[in-house]
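Scrolling down, you'll hit the structures one after another.
Paired with chain B in one complex and with chain C in the other, chain A is shared by the two complexes that follow.
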Partner chain A sequence: MHRRTKKQRLRIRRYLTPFFFLLPALFFIVIFVLFPIVNTIYLSFVQENGSLGLANYQEVISRSEFINYGRPITAGPPYGAFIHNLIWIALHLPLSVFFGLLLAVLLRDVKGGAVIKSIIFLAMIIPMVVGGVMLRFMYNDDAGVVNGFLRLIGLGNMTRSWLAYANTCLLGLIVGTVWIWTGFCMVVYSAGLQGIPVELYEAAKIDGASRWRTFWRITIPQLRSATIVVVTMTLLWVLKVFDLVFIEFGGPGGSASVMAFQMYLDAFYSFNFGTASVWATLLTVMTFGIAAYMVKRMAES
Partner chain B sequence: MVKKLTIVTHIIAWAIAAIWIIPFLGVFMASIRPFNEIRNGWWNLHTFTPTLEGFFKAERYLRTISLSRSILNSFIVAVPATFIPILVAALAAYAFARFKFPTRDLLFLVIVLLQTIPQQAVIVPLFNITKNVGLFNTYIGLILVHTAFGLPWIILFLRNFFSTLPVEIEEAARIDGASYWKILYKIVLPMSLPALASVIALQFVWVWNDFFFALILIQAPQMKLSTQVIATMATDRFTLDWNMISAASITVMVVPIIIYAALQRYYVRGLVAGAVKG
Partner chain C sequence: MNRNKGLTTNQWIAIAVAIIIVIAAVFGAWYLYFQPTGPKKLTVISLWSGTEEDNFLQVLGNFTENTGIESRHIGYSTQELKITIPTQLAANASIFDLAIAPWPADILNWANKGYLVEVTDLIDASKYPAGFINPVKDSTGKIWAVPFKASAKPGFWYRKSIWQTNGWTVPTATTNYTQFKALLATIKADGEANITGFKAPIASGDTVGWPLSDTTEAFIMGLGGYQLQEELIAGSINWTDPEVKNVFSNLTELLNSGYFGTPAEAWTDPIPDLWDGKYAMYFQGSFITAQPTVLNQSDFAFFPFPGWNGETNGVAGSVDYVVLPKYTEKMTDAKKLLEYLAGADAQEIMVGLGGFLATNVDVPASAYTTIDLTVLDFISKSSVHIVGDLDDSIGGTFQTTFWSQLRLLWTDPATRADLDAFLEKLQEFAP
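Moving on, here comes the complex of A and B:
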């Protein structure tokens, strides 16, 4: 048996060290994250008789809780959880990005801007279930501030308990997520604004460009990477919305239900892990799609 | 012209701020006034009887668990679920930042992608695993799950921070015979205090605010965490005592708000850096 030289031993140690450092993290991630994901995808293909196939997918996709096929748009929700997710994205994304950008730009030169930012950001800090309770309070028929405001401006005949009706619950909750998430968009855009070189604005001023023109020609293009971040993070977040929907238990007649909530119902009310895994897998695929896009755009820039 | 514009800007900004603060004003007012007084709107001020009764009602509202006990439970979970992942992630982040090894880039990409997955994607297997090994309905089980779920973003964030630190000091320590482990906790971590503050703030608030993992993994009524107690209070009866539920809401939200107030700069920096980088 020959003994390794000191140099060799050092080289082996140098080679193995990173793996020792990685070991605890990999242990946690493999057992509690990676294996469960793979297992969920696998479970989504396990049919009732134990064989592998697409039966669970066929069942979920054919359900009215997925897409309420044949429901006219004018009839109002429930349209099905998948459609609700899409509506949620279609309304929440532009609204929160718009308000976030507007606030970031406005607050740059407003006195007390830092205070306002903290106020706006507060909704991001509190637990989402508490946010859900606050929304229900706001939309309450007698005690709620929304109806109080309507009475104040003479629209007292419109008052109602907004979240208790199928045709307003979803919209009410979407307004709620905009209230919660705008703070995030604002903060990222504020950081983006700070990164724009002052010289650009000075040059624009010398050229006599108007504020409006400066905004569109300098600010917006310079905020490109901030916008990619805001849009992808918003998509990822809003796709996973659960707590608010849970507090309303999917809304009257499932009118505000989303995929994450349907997954919960299937898994822990019906104890049908097969169909629950289908919802989860569909969500995961959508999430990875968005995440992969983000990683690719990040790698480009 | 410019002056007019400034005034308009100020008005719009403060108006939006007012809209955003109204929900908080509402729960606060409702939490300190009797239900009868706020039944028709907390903004009516012709009678104003400040009282802490709502907080006492909230404390005893559920027969199975008091509000204060659920707050304590949240601490029991959130404190270890903040510090364990930081320790584990620091090791991994150091390996990613300072070593070249096969599969590094692939591993890193996997971790970047994993930080985006929904909780629903893992919950059924986690439910089964915890049941099988006796970690269901235990705080340890929930802490382990939060640890694993927080690791990807913390690794990413710390790796990015470690990469910005100068290597020269570490190399000098290396020549003096210090081990990598010693370099990590004697040199790298002390230099990373701002990053660690960001991670502590974000991870603690995240775990404190989490509802979904707790909902599934802690089902014994007397073990519930504070977010679960809020959800139970809000969903168990049709008409809610707004005074009681507002007081409960204030009690539960005050903890993350204090963390945010104390570590605001780090909180926002962590959020933005995490978002911008990955």
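Moving on, here comes the complex of A and C:
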């Protein structure tokens, strides 16, 4: 009988030991993450008659709640949850990244900057549902700060209950999420700025580079890793946005509805877990794809 | 080799945290296992908050005094209750012992799935008008819920003194829809000219959508007759039918004319503005009289929807039904509370506090407040038919679609006047 040498046993032991320590975490990940994902994907293929097929996908994708096919862009929302998600990304991502970077740079050398940053970051730590309720107040016709500001600058005729209208509900919520999320972007960029060697700025100064040139040639390239983190987290966060939309219950006629909200409606209002799983699967595929790509980019950088 | 065998600060912290977690887990498990096993309170869930909840707590207090059985009430929002009840029942569990909901279609659906206890033998069905019992009776005659209280949507509520001051004539039984439109034009012109902060002739309810549904139902019954609402509930007429389209064309005309205000955040929000004259009227259920913002009930009244030939012949009635889940652990006590709520004693307390109508015929007229008696008198007229609330009666996905589409129509009627698409959307989800 072949017996392993002591060296071989040691090698196997070394190989298996990390897995032994990973077991508790893996156990929970399999039970609470992997199994639900696999089961949801499986459910998305289970048709009404119990057989497996693509009927649920066909149903969801053909719905006007997914893409409001044929609706001209000039007609205004609702365009469908999928399109709303894309609009959300297209507006929220650049705005929150821009304001996060701007605030981080502006507050870098300001006395008391840490306190101001903490105040800005507060929006990030409040529960999203609370943020949604606050947004409703902010956009309120009579008492809202947005309309108050418009009145202050002489645009009182533009005041309205912004979230009550289909044309402005989606945009209002997106602006709200920018307010909530900018704090996160600012904090990540602030940390990134701390990591840039001072010598680089000193060298640029000696070479007579302007502030603007220094910013573009040193600060921005050095913040590449931070930007990848910010963009990744923002994309993932925006794709799964739900709470704010729930507060407005999808907006008038679904004008602010997103995929996560449609999933909720299908699951808990229609009790159609097949189509709800389709929404969930589509979201998972999108988030996984984005996350995988961005993590790869991060590793490369 | 110099190896430091002492623990670092981080390791000490980790050990301390681990010890705290273990202690908390042990105490938690001990508490859950050995917690006192005395009688627990019954839990009733409903949509009520504010005055409505305060009044109901008095009813529960009276029940405790009579029986010694303690109970508590948890109020949910419409969206919360819409998912809390079915998800709990579907999980064969229940955090509540009784639930009160105004959705007969959903109740029959839950009963059909075997989630509820039949109440046929727990109540005397002859004590309730058939219109209240039939919606929760299945095809075999079994009754699945107890009608606890009702409310009617009798018409447009207004403040008398505001109308007197502005010289607006309150519609009577013979005022027709054309005259009503002329009145709205007058109110709009007067309001914009004379009232500071005037918003619109008619206030619109909250953004959830049910108050918009109630107003729409008034148009359906006022302009199409109560039979039209019944047909829509039964699914015997399509939403795309020209008769239905005609109703919505008229509604859209008023929306486009700016006679309706922007939907408020909560249905109670417009009441202070109604009181101040910023709105002239507000279509609401009789429960509006129980609101504390209605500062003087003697200065408050309603007029029914003026149809083509005068007063409407239909009124939507909404009933709050009590259901008993199979999964309550306190079945005996829950049944006692259910029987109590079905009785005249409990309902007399509730209606006496204002804003509601009893479902039990043994509740005397003397129990009602003066203003609620005017509602009772109106719906008791032989010419007026009480019809089930449309969206509550159909329920399911139609209800949320209806609410959502109405919010769209209300806030952007000019560019969304494609009524065919709007009605086709409703038809898609209709029974």
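Some points to look at:
Here is the rule we use: the second predicted complex is superposed on the first by the 277 of 301 C-alpha atoms of A that agree within 3 Å, B and C clash if a C-alpha of one lies under 4 Å from a C-alpha of the other, contacts with A are read in each partner's own complex, and residues count from 1 in each chain.
As a working rule, a residue touches a chain if its C-beta (ideal position, glycine included) is under 8 Å from a C-beta of that chain, and two chains touch if they have at least 3 such contacts.
Predicted, not measured: the structure shown is a model, and the values here were computed from it.
Judged by the touch definition given at the top, the superposed model places A:175 against neither chain B nor chain C.
Look at A:93: by the touch rule set out above, it reaches neither chain B nor chain C. Contacts of A:161 after superposition on the shared chain: chain C is touched, whereas chain B is not. Look at A:39: by the touch rule set out above, it reaches chain B but stays clear of chain C. Contacts of A:255 after superposition: chain C is touched, whereas chain B is not reached. Contacts of A:136 after superposition: both chain B and chain C are touched.
Judged by the touch definition given at the top, the superposed model places A:223 against neither chain B nor chain C. When both complexes are overlaid on chain A, the residue A:276 reaches chain B alone and has no touch with chain C. Judged by the number of chain A residues each one touches, B leads among chain B and chain C.
Once the two complexes are laid over each other on the shared chain, residue contacts for A:76 go to chain C alone; chain B is not touched. In the superposition on chain A, the residues of chain A contacting both chain B and chain C are 136, 140, 246, 249, 268. Taken in their complex, chain A has these residues touching chain C: 64, 75-76, 78, 136, 140-141, 160-161, 163-167, 246, 248-255, 265, 268-271. Residues 15, 17-19, 21-22, 24-26, 28-29, 31-37, 39-40, 43, 99, 102-103, 106-107, 109-113, 115-116, 118-123, 125-130, 132-138, 140, 142-143, 145, 148, 179, 182, 184, 187-188, 191, 211, 225-226, 229, 233, 236, 239-240, 242-243, 246-247, 249, 259-260, 263-264, 267-268, 273, 276-277, 279-281, 283-284, 287-288, 290-292, 295, 298 of chain A are the ones that touch chain B when the two sit in their complex.
Across the complex, chain A is touched by residues 5-6, 9-10, 12-14, 16-17, 20-24, 26-27, 30, 38-43, 85, 88-89, 91-92, 94-95, 99, 101, 104, 107, 109-114, 116-127, 129, 144-145, 147-149, 151-152, 155, 180, 205, 208-212, 215-216, 226-227, 230-231, 234-235, 240, 242, 245-246, 249, 252-253, 256-257, 260, 264, 268, 271-272, 275-278 of chain B.
Note for the complex: chain C touches chain A at residues 79, 82-83, 86-87, 90, 207-209, 262-263, 265, 396-397, 400, 403-405, 407-412, 415-416, 425.
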